[in-house]
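The first chain written gets the first letter, and so on, giving A, B and C; residue counts start at 1 in each chain.
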Amino acid sequence: MMGQFVLRRRGAPLAPLIVAVVVFAFVSLLAASSPVEAVQLDRPPAAEALTYNLNLAWVLLMSFLVMLMQLGFALLETGFTRAKNAVNTMAMNLVVYPVGLIGFWLTGYGFMMGGIHQWASLGAFGLAHRELGVRFGHHAFGLIGFSKFGLIAVNNDPGSLAMFLFATVFMGVAATIPTGAMAERWKFSAFLLYGFFMSMFLYPLYANWVWGGGWLSQLGVNFGLGHGHVDFAGSSVVNMTGGLTGLAGAMVLGPRIGKFRRDGAIGLMAGHNLPLAMAGTLILAFGWFGLNTGSTLAASDPRIGLIAVNTVLASAAGSLTAILYLQQRYHRPDVAMACHGLLGGLVAITASSAFVSPAAAVLIGIIAGFLVVASVLGLERRLRVDDPAGAIPVHGVCGLWGALAVGIFADGSYGDGWNGVAGPVRGLIKGDVGQFIAQVIGISTNAIVVLGLAMAFFVVVERTIGNRVPAEVEWSGLDALEMGSEAYPNV
Amino acid sequence: MMGQFVLRRRGAPLAPLIVAVVVFAFVSLLAASSPVEAVQLDRPPAAEALTYNLNLAWVLLMSFLVMLMQLGFALLETGFTRAKNAVNTMAMNLVVYPVGLIGFWLTGYGFMMGGIHQWASLGAFGLAHRELGVRFGHHAFGLIGFSKFGLIAVNNDPGSLAMFLFATVFMGVAATIPTGAMAERWKFSAFLLYGFFMSMFLYPLYANWVWGGGWLSQLGVNFGLGHGHVDFAGSSVVNMTGGLTGLAGAMVLGPRIGKFRRDGAIGLMAGHNLPLAMAGTLILAFGWFGLNTGSTLAASDPRIGLIAVNTVLASAAGSLTAILYLQQRYHRPDVAMACHGLLGGLVAITASSAFVSPAAAVLIGIIAGFLVVASVLGLERRLRVDDPAGAIPVHGVCGLWGALAVGIFADGSYGDGWNGVAGPVRGLIKGDVGQFIAQVIGISTNAIVVLGLAMAFFVVVERTIGNRVPAEVEWSGLDALEMGSEAYPNV
Amino acid sequence: MMGQFVLRRRGAPLAPLIVAVVVFAFVSLLAASSPVEAVQLDRPPAAEALTYNLNLAWVLLMSFLVMLMQLGFALLETGFTRAKNAVNTMAMNLVVYPVGLIGFWLTGYGFMMGGIHQWASLGAFGLAHRELGVRFGHHAFGLIGFSKFGLIAVNNDPGSLAMFLFATVFMGVAATIPTGAMAERWKFSAFLLYGFFMSMFLYPLYANWVWGGGWLSQLGVNFGLGHGHVDFAGSSVVNMTGGLTGLAGAMVLGPRIGKFRRDGAIGLMAGHNLPLAMAGTLILAFGWFGLNTGSTLAASDPRIGLIAVNTVLASAAGSLTAILYLQQRYHRPDVAMACHGLLGGLVAITASSAFVSPAAAVLIGIIAGFLVVASVLGLERRLRVDDPAGAIPVHGVCGLWGALAVGIFADGSYGDGWNGVAGPVRGLIKGDVGQFIAQVIGISTNAIVVLGLAMAFFVVVERTIGNRVPAEVEWSGLDALEMGSEAYPNV
């Protein structure tokens, strides 16, 4: 009892900090949201070639950073699972990369970006993004791309090749998220099948609708709903897709043996290496710079400064909120939640990182921090879904929140011409209800189509080769009986 | 027991009061701040615009690399501590990042860089550095900056935003150094308070004096002492500040139980995962490229070639010296010392990396290698200070040496106009005694002010909420009783 | 007493090295501080200067990525070895970096690149590569460079300095490969000697022949054999050299005790941390972007887009081939082979990444996947060579295959002027038999000269200080008796 009291008192002085930060963020949000002209740099023809070079290099560099996120996810998920499944968890995160690459090369990129024909002719690479929907979308109300399979037609276009790499590593992130939710019980052959399904079809489909000139990107042009569904760097396209696919998989798989007991108790099932999970978190935070600042497709767009700052501030706010909230409520600094909060902040700022002020980024991160804590607890206790690595709360829930946040906080300082709509992107705080509706439509579509197709896929697999390892394999560990290699055989 | 209770009661009302004052100060600050003109770029000729783009991208990229140093420190320190404290050590390195970010955003950056008003108008971003002191320092003899709090005034200036990120990750490095010296016995709530103190006030203060146009940077202009205190990338500003803060903390905390025995013997207390510490060392060496080559603030400054080469050569010389010296003296290749030596070489070259030749870099690294070995041994044996991760020798001692080395080895080939003084930076080997004196003043100031303020802070905390966990928590491990999560529960 | 004596003798040969390095550093410091003409750029029009800046930054950035490969190798090899040798394996990978840096700085770079005098005057940095052989090779039929030792003559040339860094980290990769093949039984003092031999002489020799304007690069100009031996980023120069040096070392060392039993059985000797090895693999895949896309020496060369895509596709194809092949044959997903296959694909595409289409990259990767599996098994079962980390199959065999693949798949779309030969590089599929012969000559030379010199070196060491630790050290583990530090003392 005394110990409890001591801990409670220790937590107390930190409590007002969240309040202070929220107040400050709100006040500075108001100060910051006055209309500002976007800085326009004039560029005579002589400098255009160099701008192209700079931007090509930028897209590649940012792709490299995003690629390292495979390592971040691998460490995070492996740390949060048990030693007897460490090789299996690590292997899924490693193998999804080559599987996804080949699948995306074969059909995925064609489905996603096949409606856009002229990356090559874009002298200033970075200008492309915002004009895709109208100028290059080859469907008035597009459902899927259909060209560039195997990169054959664009072998000699550096812009298309860099775009392929950038799109590939984004897909890799989406594809590796479900391995966290479905860890410790997934049959490896079923996982391999999933890898091809995700990279060849499911991810490209929704990505086409938002980033490939598809119908969600044209909600603005066709129906006057703001700039259509706007997702700067993947809150919905990458994270929500990954999170909801993981949700579908975890529901079809069912919980790990021993997670939910008959008497209603929930098994703890702590991961075997928390420092590994923390290392993974920091690597993800590093790679996230690629995700967000790379999504200008242009180092020549000075907006990268704001994007990078928003990214770190939201992650900090998410992490700090989760720590202090739990310190307040449970009287101990929950380190796993600090990681989830940090990642939740990153996921949430992803869609809006170019469109909001730093103060708004802090607010978005704070809300993400609360959402992560609430949804980690709610998922287990209410929905009784077993998600060993917290993939569904972090990527699914915060991804949804992030896509919504564009429709609320976009402050009208960026995005002129985005998806073919003149004028900057504005959210509710600037009075554009249409943009908010476009965000809701994009999120709902993801929740219906991605979740539905993923569920359908897992059910079909369940009825054919099966998704789940036998109970005796799960008891002994997937490493011994499924993978044939133990993680730490020799210690 | 009673004493504990009294201390708690004294601590409780104090903390919300501080928060309330801080919030009040900010809100009134905002009310008082005049409407800010959006900073306009002068629409410079094409080449200048592109140079700006290139340098903005460079500063961001280098910031990303420095951010990864948080992971390097986390692994290094966790490897050098015991398994029962692995989560705690790792958590301090991870949590200091969000804490520091929010603190630095709220006040730190404003105190550090608030005296410099016009990053945005600098067409060639990289030219700024050397001209800060005179052209943009808003105080004839500056003690602290006072603007840009919460980034409100500079929301739309990419240069300021990139500079904020770059400054933030440097602060993050300084703030995470003491966690190594104070590991395995520091109360987590006291650590959180420290995180805010360091990021909001202590680091920004000294950083303002050297990099924010403050008085140490103006010793040249005002007193003819060379170019004022010159620290290219943070030997004194980042490393010595971190190392001496760690020294203050380790002294106030006292040694770990069992480290120094009554009979004078010194307990070994080996870390639990030496490969982890080595991995951290290599990641730090990677991130250090950001620290040093980023500090030109310009990829358009070809000096980055020399800086990168000096960086690796000094690290190699430091590491090799430590290995061979110990191999000679103790007849075994001491791997921990190889790491310390490598990092000591990096710390030492940081201040002078742009001002010296590769050969001088090797010399500076060799001396750092000897210094690290001597000070690791001396700290334990003579001063009887317990520093589990070697943070004080590596960052404090080699940081001091590095700042001094500028005053010795600067060869007059770079730095024209630095801190507003014409002509290149020259050390003793080129006959500039004034520069050497400026370096000594800067180091002495750090040793007096930073060490003094840090000591004062830790003493105040000691007398209120206390810095140290109870002995039973230390015996059982901080993970079990302080953090509530064990690092490897399941192996 | 005897043990002490032995240890002392082991330390002795390394002692004078500190002295030598100090003396050399001092001498070159003096030489460097005499007034040296700063190399003058021709102050070209603004766009050219910016191109130079962009490319200089690119070469440095890519060097940073390659440097991180030291960590990748360290984790990979440590994961594949036993816990009792973890510190030793890790330490070799860490220490080879400072040793190699100092050795390469002293003589290696001079031998490798000393025949090329004018990096500095190349306004467009990136153009240099292809024209080296003819315009800047200072020998009609060059065998070795001989200038720039200690960087003295090029202190003020950013191009040379960046080139030094880039060349150094490549050398570091080559030098760290043999530590995987020779792990768990190599005496540390013999390893240190090897580090200097490799960095100061062996690597630079062959590298000079291919990249320093030496005779293999001039097979085209002098004998009409295509463009001479073409190795874009190091399949032969870096990987085959490292792999064959490892082969020589592993043969001289002999297998670990217990690997090959009298009855013909092969001991399993599983590594102690498979997740660590997988993490190392992903870090290597990240660093490999530096190796390949950096080898244009120019971000202004849009070919970097294709190079990056080929790199990832080949790695994916190699990994997937290895997984699926073993799944088919042994009915389990062999994770170690997935890593070997991924790395084998990377090694194989390295030489040709700029010269082939994505589809050819996939083919090259697939063949590498089969080669890795076959050679891992064959090396153990037929040659009875013990290679704990698979360094010889991955780097030696796939390196050979990669260099050969240029002569087969180069499709005539790139390389005009390479090594002074007009027209693009073409392989057998485009009818250029001469190019194929040049590749065969380069490979054969590597197999004869590098393998021969490495073998000679190891034999000489064997007859003097010895290469191998005593059997009792091997039984107890090198960490306890050779390094004096255990990896996990406290768990």
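Note that contacts are C-beta pairs under 8 Å (C-beta built on N, C-alpha and C of every residue); 3 or more make two chains touch, one makes a residue touch a chain.
Owing to the predicted nature of the structure, the values given are computational and were not obtained by experimental measurement.
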item	value
Relative orientation of copies chain B and chain C, as a Cα rotation angle in degrees, nearest 5	115
Interface residue identity across copies chain A, chain B - same or different by half	different
Centre distance in Å when chain B and chain C are each reduced to the mean of their C-alpha atoms	34
Centre-of-Cα separation between chain B and chain A, whole angstrom	32
Where chain C touches two or more other chains at once, by residue number	47, 50, 54, 61, 488
Chain B-touching residues of chain A, taken from the complex the two chains share	6, 9-17, 19-21, 23-24, 27-28, 31-32, 34, 36-37, 39, 41-44, 46-47, 50-51, 54, 58, 61, 65, 82-83, 270-275, 278-279, 281-283, 285-286, 289, 293, 299-300, 302-306, 308-309, 312-313, 315-320, 323, 332-336, 338-339, 342, 357-359, 362, 413, 488
Parts of chain C lying in touch with chain B, wherever the complex brings them together	4, 7-8, 10-11, 14-15, 17-18, 21-22, 25-26, 28-29, 31-33, 38, 46-47, 49-50, 52-54, 56-57, 60-61, 63-64, 67-68, 70-71, 74-75, 78, 86-87, 90-91, 94-95, 97-99, 101-102, 105, 150-152, 155-162, 164-165, 168, 188, 276, 482-491
